[in-house]
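There are two complexes below, and they share subunit A, which is joined by subunit B in the first and by subunit C in the second.
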Partner chain A sequence: MNTLSSSAAPTAGEYAGDEVSAIVLDPGYATTRAGFAGEDVPKSVCPTFYGYLDNQQPLFGENAVHNPLANLQIKNVWGSDGVVEDWDTASKLWEYAITSRLTGRKPGDPTKNGLNDGNKAEGENGQDMDVEMEDVENQEKPLEESPLLMTEPGWNPTKAREKTIEIAMEEYGVPAFYLQKTGVLAAFASGKASGIVIDVGASHTSVTPVLDGMVLKKGVQKSPLAGNFISSQIRLLFKNTTPEIPLTPHYLVKSKTPVDAGAPPQAVYREFPSGSAPHDSFRVFQEDRVLTEFKESVVEVWPGPQRFHQGPSEEIAKSQPGRPFEMPDGWNQVFTVDRYKAAEGLFDASAAQVDANNPRPKDEHTIPRLVQAAVQQVDADQRPMLLSNIVVTGASTLLYKFTERLQNEINQLYPSTRNKLVAPGSVVERKYAAWIGGSILASLGSFHQLWISKKEYEEHGSNIVEKRCR
Partner chain B sequence: MPAFKDEQIIIIAPGSETTVAQLGLPESFTPPRVRVRSRMFPAEKEGEWEPYKVRRRQEGQNGEPEGESKKAGDDDDAAYEEDRVSEEGAVWPIQAGRIVNWPCFFALITHVYNSLNPPFHTPILLITQPAWTPREHERLTQFFFEKFKTPAFALMDSALANTWAYGVHTATVVDVGKDKVDVTAISEFIPHSQGRVIALPDCGGEAMTQALLSKLKSKGFNRDMCEQLKKSPICEILPAGTPLPGTEGANTQSGVSNPASAASTGALGSGPAGAATIGNIPRGPGEDTEVGEDTIPEENEGVLDVASIVAGGKMNEYLAKKEKEKQEKANAKKKGGEAPAVAAKPVRLPNSRREKATFVYEDHALLDTLKNMNLGSKGMAEARAALDEGPQRKTQEEMTDADRDATADNNGSRSSSIRREIEVGTERFLAANDGVLERIADAIHRTISAVDEVNRRGELWNALIVCGNGCRVRGFREALISTIQSKYIISPSSATIFTSEIPSNITTPTGTGTNTPQPQFGPHGGSSQVNPLLLAATTAQNPHLLPPGSNSMMPGMSHNTHSSHGQTPTSVKLVKPPEYFPEYKEVGFDESAFLGAQVAAKVIFIVDQAQSKGYMTRPDYNDQGPSGIHDYSL
Partner chain C sequence: MATGRDVRDMLGLAEGAVSKPTAQPKRAAPPKPTAPVRRPQGVAREVAALYGERAPPVAIFEDTKGYRAKRTLGPAKKWVQERFTNGARSDGLVLRHWRRRDEWEVDVRKMKGEEGREINVDVKEEEKEADMPVVPRREFAKYNVEVDVPTFTDEEYEAHLRSESWSREETDYLLQLVKDYSYRWAVIWDRYDFKPSQSSSTQEEQATTDEVALRSLPFQQPTPRTIEDLKSRLYTISAKLMSLRLREMDSEQYQLYTLLSCFDPVTERNRKHLAAALMNRTLDEVKEEEFLLTELQRINMSALRLDAERAELRARLETPVVNTQAAAGINSFTSSAALHQLLTQLFHQERNKKRVPGANGPGQPNRLSISTGVDASGAGTPTQTMPPHLNSARRQSSISHAPGGGGASTPSSTSHLPNAPPRLLSTIDQARFNVSQHERLTSGVSFGTDRLLKMRQAKSNVQTQKIATSLQELGVPELIPVPTQKVAEVFEGLVGKVGRLLDVRKVREKEEGERRILEGMRKVRVGGAEKGEGEGEDGGEGGKRKRSESLGGREEEGVKKVRV
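Up next is the complex of A and B:
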């Protein structure tokens, strides 16, 4: 099992034909997606945020991060630059994502599942010893049965990639491993081998030109203007409104009373005796939950064609019906013009809400400029082809009218080409495009030609990832 | 392969506390016939398991068989005996829904299978816990095919089974177990795997027992007492904000205050007049107690649209109540002559307004100790007699001053247990006070918020199924709904805006969206995602923007469902339990998963006959191996 070679297809008995039960892991900033290759949706979607209590093991999973324990901190394994920062926790978190809902804590070990207990007694003592020795090793390696396909952002540095394969091989004990960029996989999920992938996630927006299944590395653009940026914009909007809009997360509210629009909330709040309240980061994390709801139900991207601050846009917006929103503490209001302002910064840096802690975003970080910069790096004769395959993915692109605005912006940049957005209508496909692409790739019969087997890794070391996973 | 017959089908539903099973589908579906505590005892030989505790009996005892224990094995092995009641040293292979000890779990399943005593050619349907992973499903498949040589095998998710029982395709299933709660959103028969809350800790029945324990420890209660207190009808969870009897509020306000209005408006004070009248009218004196007691909760259902809230647990509770009343009536009659002054007053009050109440405690621990002392049956009887103070004392003590002194009561169904009566104060209402309900409500909110199709969320909120034996505690469902209502309901907000805009024939909305009259705006319906009043409010400001047609209710929403008014819930409802299962009606729908499994078994094994690959056959297994099981499910 541990000596898979990349040159020979697995025998039928070993893997039931092309039915390779590979696991696909797509770690993102907000959630980590994991599932079996060949399925159409990741079975395990767990928050990348984790709970931390002093001097204790990190707490993973939905249930842990939403439980207001005393002094609970909420942390994330990703750094602000879009590269994994806390590798120790990341490897545990990924393992949790896989074992909690896919494989179980202990993998199906034939010597332990109780089915072969009868046979065991018959075996010679010496052999038994060996088996048991192996057991001890196997127990620490949760994934020794499944090849693993992992995704990485387009800008992942060599060091991080090597670290990733080390974790997979050494800690998880995977028999085979492959690393692919999210951009390529998202394109695959839409059935494209070439195109421009615009991925607006939680922490970063990236624009990746993909040509024949290969990322054009110098064309990869990233910017921090993504979902979290919109959240901070909403916070600023709330703050700059007079009177300031209170943002109280659910866990602090015991019960609420309906109040008039704009009236101060009348809620019974939950009191935490001093010392038993969770850390501030917990509150921020829970506030984000409310903001997510706000994004879903209120925020709208100004569709264009002109920018929000140009021409009559704002006047038109004023005449649009507003959308109501109720806070967990009962405060409520109908949002009219303001709801267009939260996401405008993605396209127009000058329209972003600013204050001392949130400086004006850079112009080159807006989505149109990213696209422009990415296209610039591509040969001129390839550009029309790429522009007719613009794949839109990432949960933040689900903002209402986002794609319309994007289409308008791109048409303004490239009026002479046929620009076509590929934006899957299904929410799942939009959110988990990279994972789905990975699922397709890893379920192909030819996946074994791509992967790095354990043997190869042992021969060449972690550096092999640079040569094989481009 | 020949078709299967009803009487051949085996259904097994393992749980953390109880594993239930049944051989054969009866004409009318019944609650599971075989109930086994989900635990095994390690046998003397390592790796083997016994279903009952085996106790070594000392030599020189008289071989007289005792009432509660049977001889294990043959006569020459008489030094051992099985103890069917004791749980000392038991291993529980399923914890918080997860299988933690596989050999023990397999032994348990084998024990269940053998006790069903099935003939050959029995297909098996296994109810799976949400916490079980696909790999574990494979392992189970392998076990069932290879151990039992079953001709056909199917797995069914317990949450899905619940929707089958209720006959709905879209629902939010809240399964309250022993140590955990699972919350699953199911739309169109497909469970959402993202955002599904699996094994939420500290929320199940055990958490409530522990909550009681922490409050009663100082009064000398142990865990077992609290467990039985929780199961007794006097333990009750009151809706959020209800004052405890004996406190200030209880006297001024209706004790069983109107849960719905309290919840929907978020405060008790909102409608004191209404609540008070509802609560106070029908309490007649004397023999009319039954009316007085029952109408209070019942009326609430009728008045506000909460009928479904209680529906799920109604039967169960009703029965419990009935029984209690019977007892009380009997007491009242008996005491009528002797001490009317003492008895009359407390008897008439419903449980939720009484400061103190008693329950019967079966003392297993005491029994265990007695048994471990290896008394003969004579000694046992003597010991018991010593603890027994006569059954007639019971009635006298029940309502008056029953202290916790050991009062044995031998007229129970199980003569083996030693019973006594214990009195508890208002602590019995505090089982869920440690935030159990809040945690569950939050989990439901999270689960539904994680459903991608925003327009489905309203529907999911309006189709809650609260099941599992953990929610048998009286008042649990109502209290959970009331917690959700007080915390999460989105009221038809912006009151100022639309009371001025809306024609005056619409009354000012009261907190909930459910009972607000909507004469003009078409049927609100359980499935409506958007509160019409709210829409009216938002569109009324800009009437010129709306097309004059019938679609004026849905401005800008037809083309993108994602951006419809996304905030939910605007109302919360429980799914009404089905009417046509009389056997289940009697015991309540807490184990509805098993009912759903029966329906499903009928469909997949008998009606459908593998046409839509509802189960895996033995030849399929031989071809594909355990991993093939994922291709076979409904």
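Up next is the complex of A and C:
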């Protein structure tokens, strides 16, 4: 057997794949992704939002969160600081994400798959849950077969990391576990070991410098200007238009008749008798769904090189053809200049829509400033190399012309270096880059030695995650 | 090679008893005429007809001939989910992956054989997985690579490695990080977060020796370390340890040693500052730099061109290059290159000589031609009036005679003398009958007027015009009445001189312009001292003028001579 020297990298042709049927779990604010390592798409993508009825087990999965049950609240396990807040639910949610599609459950447990929940009366449901709880005690732990690789944001504090390994080891009973940062994995997914990863997700935008597969912690930047921010910008735009653009989610519309552009909608709305309506948070969640559609089909980033409010940009934008959008209730309109305004705040804080509840975002939270701050924290020798490997990921970067604008902004910041964006063209790769990177990593034979085994966990306690997952 | 017949002979079979091999008639059959006409499937006949003779630009494959995986015969191979440990791990973590059953069995047998136990690997499908043997595997152990970091004993540290600004504890911390992050300095610096442990500092407070006090000193003011501080500390330690441990170093080690001990954090830091500044330039600065660089390149290029032009002109004005070879005689043929040249020249001469008798044979044009005012060739006999180096058309002949002896009167007479044509006219007669001799004649008829007109043309229009005006000044008519050979020669000389004159004028203007620029620069540089400067300028101008006048004078003389 040939040995490797400590100074020479393994040859490029060396492929060291060896799958041990590990599971990769990539929890995000909007969706939680899970799948087997070695596959190229996560098999299981479920919303991180969950339904909550008073005094009941949380309801997971698409079917549960879109079903307008009486008093159904929609909640999220993540806190506003980009760290998991509700650990109990998070652990159940992750388990659901894995077991619902990947490892499966033992037969004869139909109460847990969520399919039968809606049909039952409340009381019944509650009883079932009790029975189930007893079952859980007797049950084998759900993941005793498979090593688990989880992702975490670059700013995850020690406490949260320790909590994560505790859940994995004690609740799921995994034989081996590893935590890796989303930034590193997204870079791996693009075949890069070093680079700057710009991830625009739902709750946070992060910029992560990665060097040889390790995050440069001082350089990690985050800001709340991401998908949710764009959604709130669109809401403000709708509100500030005269007449105000009505935003009615799908579940409230029974039937609709086509109307002319801009005309008031003619639809039959669904009435909920008092007491049977879902919670307000349900409506907000459903509205956000419509807004995501709006983002996908209408919103466009002003490509630059100048900002939208500089020079002739706005005039040029006016001459561009508009894009039509139809609301669930039939209201429709062709959006012209306005469609550029929703995402401008990501790059230019002064261009953001504001009102009393939505103050002007901070300048240092805009993406160009984040990149600048991240680069500033890196050793001067590495900067040009990092700037030539800028990996773009996160579903919000799918906004039309986003990468063009980003390229222009970065070129303006660093005119003298060769700045190259690496933005996978396929939607799946852009959305699930962190998961895909995890899938690659966990299926490598050379990764076997990095797993934290159950034995090691028992010996050293949960703090081992700090030592091993650097 | 044994033929089929030999084999049959050996086997004792009768001739023709065996039916002919089946392959033969197939091969013998005429090639199927369908082959070239075969149309790709799935294309209508009408469409295929449109293809014409050439194949369509898009390759069309028959789907029946597509890729098909090779099928191995026999039942499907069995796979097992092997339980294995990784050689790089010490905790015996058992993972599982799929392997071919036959390979796996070999491994399990080997493993159990080593342990000296009875071999029985007939694991049944129904058997519980937990009972499967665990196979130790080592193929990925080689990826468990650790770097070497310098190690030292406490005594060594005390004696040699102590530092004003580094405590032992922090040094150990640094070494640990270097090990953890494999000398990736950017990462080490990023993660560097040294906090002196409370226990050690209290211990040291209790201790009273100077030594310990010195050691604890840095704890009081923990300064943020730069990446250069870290590097410098490790490199000094490594270098010291090298010099301590190694009695004698080989060249590689010594190189490393000097490299390590040369590390200067200050220079390194400055370099980084510069690198950062270079990166942080604004767009305008970058553009300006780009602009300046292209400008510099342009200036350099034009300066080079100007120099070349000037050099060429000087070369023209100076005395003709003497034929050094001829002057030096046999001494010049010392190098092999020169000898080779001589050889080829002699060879050419020889060949020319041989060609002459052939020229008299039938079908070959005679080398004598009568030119009656109509000059058929561009190259006349060289004339003494013109310096040989000016007329490139004639250079060929003059070179070929150079080694032959300086005193040859006319090339044609020397080279053709031995096999001269039957009758030679005397020079006077030649002039009288207007007979000229040519090396080579171009076919067809041309007019002498055309030739003269062509001489008036220069490469650029401007130059042509200038030549025309000069000729007008000299009183040369546009159409010369009798353009005989002689007139043409004289005219050619005249035009050449006019051209040179014009060149000189151009260069003079250029130089004067340059001088003015230089003067201006000098003025700027000298600044206040105006008096001296004025004098200098006068002197410079005067000298210049004199020179150009003398040049012009010489040219004028030449022209006059020609006119006479």
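Here are some notes:
Operating definition for what follows: the second predicted complex is superposed on the first by the 419 of 470 C-alpha atoms of A that agree within 3 Å, B and C clash if a C-alpha of one lies under 4 Å from a C-alpha of the other, contacts with A are read in each partner's own complex, and residues count from 1 in each chain.
Assume a residue touches a chain if its C-beta (ideal position, glycine included) is under 8 Å from a C-beta of that chain, and two chains touch if they have at least 3 such contacts.
Bear in mind the structure is a predicted one, so any value in this text is a computation, not a measurement.
Put subunit B and subunit C next to each other and count what each touches on subunit A; the higher total goes to B. When the shared chain is aligned, subunit C comes close enough to touch A:Pro175, but subunit B does not.
Contact with subunit B, but none with subunit C, is seen for A:Val253 once the two complexes are overlaid on the shared chain. After overlaying the two complexes on the shared chain, residue contacts for A:Thr417 are found with subunit C alone; subunit B is out of touch. With both structures placed on the common chain, the touch criterion links A:Ser350 to neither subunit B nor subunit C.
When the two complexes are overlaid on their common chain A, residue A:Ser21 makes contact with subunit B and with subunit C alike. With both structures placed on the common chain, the touch criterion links A:Asp212 to subunit C but leaves subunit B unconnected.
With both structures placed on the common chain, the touch criterion links A:Thr158 to neither subunit B nor subunit C. In the superposition on chain A, A:Gln310 makes contact with neither subunit B nor subunit C. In the superposition on chain A, subunit A positions 16, 19, 21 are in contact with subunit B in one complex as well as with subunit C in the other. Taken together, the subunit A residues at the contact with subunit B in this complex read 16, 19, 21, 36, 41-45, 62-63, 66-67, 99-105, 107-108, 112-115, 117, 250-251, 253-262, 266-268, 289, 292-293, 296-298, 300, 319-326, 328, 330, 332-334, 398, 400-401, 427-428, 431.
Against subunit A, in their complex, subunit C makes its touches with residues 86, 88-89, 91-98, 138-148, 180-182, 184-187, 189-191, 227, 272-273, 275-276, 278-283, 286-287. Contact residues of subunit A toward subunit C in the complex are 1-7, 10, 16, 18-21, 147, 175-176, 211-212, 214, 216-219, 377-384, 412, 414-417, 445-446, 448-449, 451, 453-456, 470.
Residue ranges on subunit B touching subunit A, taken from their complex, read 47, 98, 102-103, 106, 132-136, 138-139, 142-143, 146-147, 193-195, 197-201, 240-241, 265-267, 270, 438-439, 442-443, 445-446, 449, 452-454, 486-488, 490-491, 493-497, 511, 534, 537-539, 541-542, 545, 555-556, 560, 562-563, 565-567, 624-625, 627.
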